[in-house]
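When the chains are written out, they are named A, B, C and D in that same order, and each has its own residue count from 1.
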Amino acid sequence: MKNYILKIATHDEKGLIYKISEIIFKHHINIIKNDEFVGEGRFFFRASLEGELDENALLNALKQTLPQNASIKLSEKRKKNIIILATKEAHCLGDLLIRHYSAALFADIKAVISNHDTLQELVEKFNLPYHSIKSEDLSRQEHEKKVLECLKQYDFDYIVLAKYMRILSAEFVAHYEGKIINIHHSFLPAFIGANPYKQAYERGVKIIGATAHFVNNNLDEGPIITQAVLPVSHQHSWQEMKEAGANIEKDVLAKALNLVLEDRIFIHTNKTIVF
Amino acid sequence: MKNYILKIATHDEKGLIYKISEIIFKHHINIIKNDEFVGEGRFFFRASLEGELDENALLNALKQTLPQNASIKLSEKRKKNIIILATKEAHCLGDLLIRHYSAALFADIKAVISNHDTLQELVEKFNLPYHSIKSEDLSRQEHEKKVLECLKQYDFDYIVLAKYMRILSAEFVAHYEGKIINIHHSFLPAFIGANPYKQAYERGVKIIGATAHFVNNNLDEGPIITQAVLPVSHQHSWQEMKEAGANIEKDVLAKALNLVLEDRIFIHTNKTIVF
Amino acid sequence: MKNYILKIATHDEKGLIYKISEIIFKHHINIIKNDEFVGEGRFFFRASLEGELDENALLNALKQTLPQNASIKLSEKRKKNIIILATKEAHCLGDLLIRHYSAALFADIKAVISNHDTLQELVEKFNLPYHSIKSEDLSRQEHEKKVLECLKQYDFDYIVLAKYMRILSAEFVAHYEGKIINIHHSFLPAFIGANPYKQAYERGVKIIGATAHFVNNNLDEGPIITQAVLPVSHQHSWQEMKEAGANIEKDVLAKALNLVLEDRIFIHTNKTIVF
Amino acid sequence: MKNYILKIATHDEKGLIYKISEIIFKHHINIIKNDEFVGEGRFFFRASLEGELDENALLNALKQTLPQNASIKLSEKRKKNIIILATKEAHCLGDLLIRHYSAALFADIKAVISNHDTLQELVEKFNLPYHSIKSEDLSRQEHEKKVLECLKQYDFDYIVLAKYMRILSAEFVAHYEGKIINIHHSFLPAFIGANPYKQAYERGVKIIGATAHFVNNNLDEGPIITQAVLPVSHQHSWQEMKEAGANIEKDVLAKALNLVLEDRIFIHTNKTIVF
């Protein structure tokens, strides 16, 4: 018995559920769980399937039945491969390493790439490759070229920016559309850019947050996957906000990553549908 | 064009979604939104339908296709009627009155019944019937008999206990199974019974809560609909906990009531499935 | 026995607590509760006092001992008077009316002013003056002049904008510095300006919020008093976000207002210290 | 310049703040931050001090001035030493290891003791002693005797139960009164004892939680330090509740531990005062 994830996105029309569920039923497979959502004239469907399956036959049947431009993805459930990019901070990376070590992350970490060597010792404790690609004396383009070359040796599904404190160029991002997940240390869209905790302190907010999102060409403006917040007060210096925020950063990143790894997300325009 | 809610609960088997969606499709009605859940071998389905509908034909088709013991409910979407029972506190009742007044509650309040007359003036500002049924010098049985008689003059769907500080007998509850919604001023199952804020204070908890639930024969043990919490500290006296808690009590009750009024809830054993 | 609130703000220096507490002690009054905070070189102190007190003597002693520019405020604890400005929405206003009615608001509502007459019936149920000052065919200046004239008949401490959907001019605000409390229907500084729920929907955030703040000359940029958030998902239309958000708007406004009414807040630069 | 923490607990009487702050002032040391609380007739005071200090002189002055039974503790600010007890689960332990490694924990982990060897490899990655003290074929008393012997080789301030799945006897606890911190995987006092996630699932709650508390003689009834919650729904199996809960367990434990390590907590009867 195998497990599959079926994801369909198309314009909405009458009878889609009926047509899809009929095809699934007639292929004698079980729907373990399914979700659908209709919004702004679009239909999104995700099902977790179980059974012995002729993948091509199912796909063909769906293609013949669904609207012509429908996006239909059927994939066997499997552990994904990820590459982590980090800079100097250990909290998000460390959390992923522990989850990976204790099999609480449905992914294999193939390597960690950093623009510093601060985190090398930590990563190597877990017997994972660490690539220190320094950015000093390099243009953004030159540095990214080196990172891209490094990435090429690996077969991976997603790039996770676990507090990678460099802005990725549009060219870099274009290589991995919908494949890069970032944790931003604010409650987006508030406090885009550098040092959001200091911005939050200066604005005098009473709640701070963290946001996990897909990376696109606009800084901190990609589709949001998940967010979390925590209360602060006048008693917090911005450094204390940063310390407190670190705890939700790692939680939000891990939660978002799990949603991505389980194929639970659709990206539509600049938003996510999360099942 | 009419709007309907279809709710189905049955034991789970293969192809239910297919069979249900086929019937709906062939009756030429739109599914605006549908949710399903399978748990502990049970299948729960709720759909919001839109269209011109031969109700009996649809129900018959479903009955012939679905498992024999399936519970199938089809009802036109309509404002429900509610009776509110309260005692002396104004916050939950007042919140419902304002929601009712400003059309933010999908229900008609038919009457308010209380064992005190404290709230009469407030209720009458909103031109609603108020029945003061005092319990002094009456046994529980005698008092409930009077309340039951009062209820009989009204056609209603649900009874809402908006801080009604009396325990209802099993006999009373039996008349309105799955029809009575209560707000309990604690994070159940913690602090069942009297004065939960004082209990919370004495235990030294750092978070307090409120719980909306259906009433069954066991005090504060009916199926939970929704819960909310808020942080407290050593600085809160139990009276301050009570004041702070009042704010979430009314929110939790209103949120739960909206879910009930929109037919979003299935009761299964001692739990709720909330779509 | 009387109750007083003493509030002191000054630049920080050694021994302030000692000097202040000595003076209080020697005036034979009890400190029920006191809070202090030092930040950015400033010292903030608030004490709740109980006893028979020669107010001038205490003030003089403090003035002679504390730094020359210290702000020292001593006031007997008393119910404050407020004026509410609203537009058409009933939820924030209604909540304040119920709290006022049930003595859960430590203030007297002297009047409600609105640029529409939608809320008149509701306000008059509670026997409070309602002034409908329409803005049609009037310039902002003309309209505000009328509002100012209306305000002049009342003796009040604070103006509460309970979803007053007009922008106040700098001239208007200058009359009531630190005296106007607004509820903004977003998690500031995100989504400043008009229709923040639509902005939130379009950005695809997963959490929405509400912010109570003092009003200053910059739209939605005054000192924040309190904020709250609630989770949303792709399933929320912006109208549903608005409905859900209404519940926290009224809670946040009421919470902030209570803090203001109990003299718990210092405004410093663009921030609040909340004791 | 040294940093000190001064903690005073006594019955309340007039002028305590004045007397304490006078003594501190006259010893020419700075108060960086101070907090006080009066509740149930008790006075609690904590100050963070900075300066050159004759510790005995300050203590003597305080003793002569404060009520006779006052508890007065003055200690130089220093990293505390902790011993962690764990069983098989890696999430809480792993989080503490990462915090320790990245200097985000104000403590030295002296050793990890477990009744299993599951976690040995993880602990040894971080070059920390791991003691596997199996409980098979041993009575509780025999096993605890071995643990006590093991503990004796270390100089430590606190024992942290990072999901140590054994109940400690009253005899064991008596050795370390107020020195043992536990994380319980429920929102206490709900779901005391074994498998709280299963209990929560069976009760059908809509929010689950975690509680960090000091351990005393009654199972899961010691003074609560901090709690956190997260929402669940009918869609969560109890195993999914457990997975989701693991994330707040480690956050709550770390947060509570930081409060303990910074000497921010008073234990009074069965509660905590947390500054």
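Note that in this section a residue touches a chain if its C-beta (ideal position, glycine included) is under 8 Å from a C-beta of that chain, and two chains touch if they have at least 3 such contacts.
These numbers were taken from a predicted model, which means no experiment stands behind them.
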item: Cα superposition angle of chain A on its copy chain D, in degrees to the nearest 5; value: 180
item: Centre distance in Å when chain B and chain C are each reduced to the mean of their C-alpha atoms; value: 35
item: Chain contact topology (line, ring, star, complete or other); value: complete
item: Contact set on chain C toward chain D in their complex; value: 14-15, 17-18, 21-22, 24-25, 30-34, 36, 38, 231
item: Residues on chain A engaged by chain C in the complex (per definition of touch); value: 37, 39, 187-191, 202-207, 209, 223-229, 233-235, 237, 270-274
item: Residue ranges of chain D in contact with chain A within the complex; value: 89-91, 94-95, 97-99, 101-102, 104, 122, 125-126, 243, 246-247, 251, 254-255
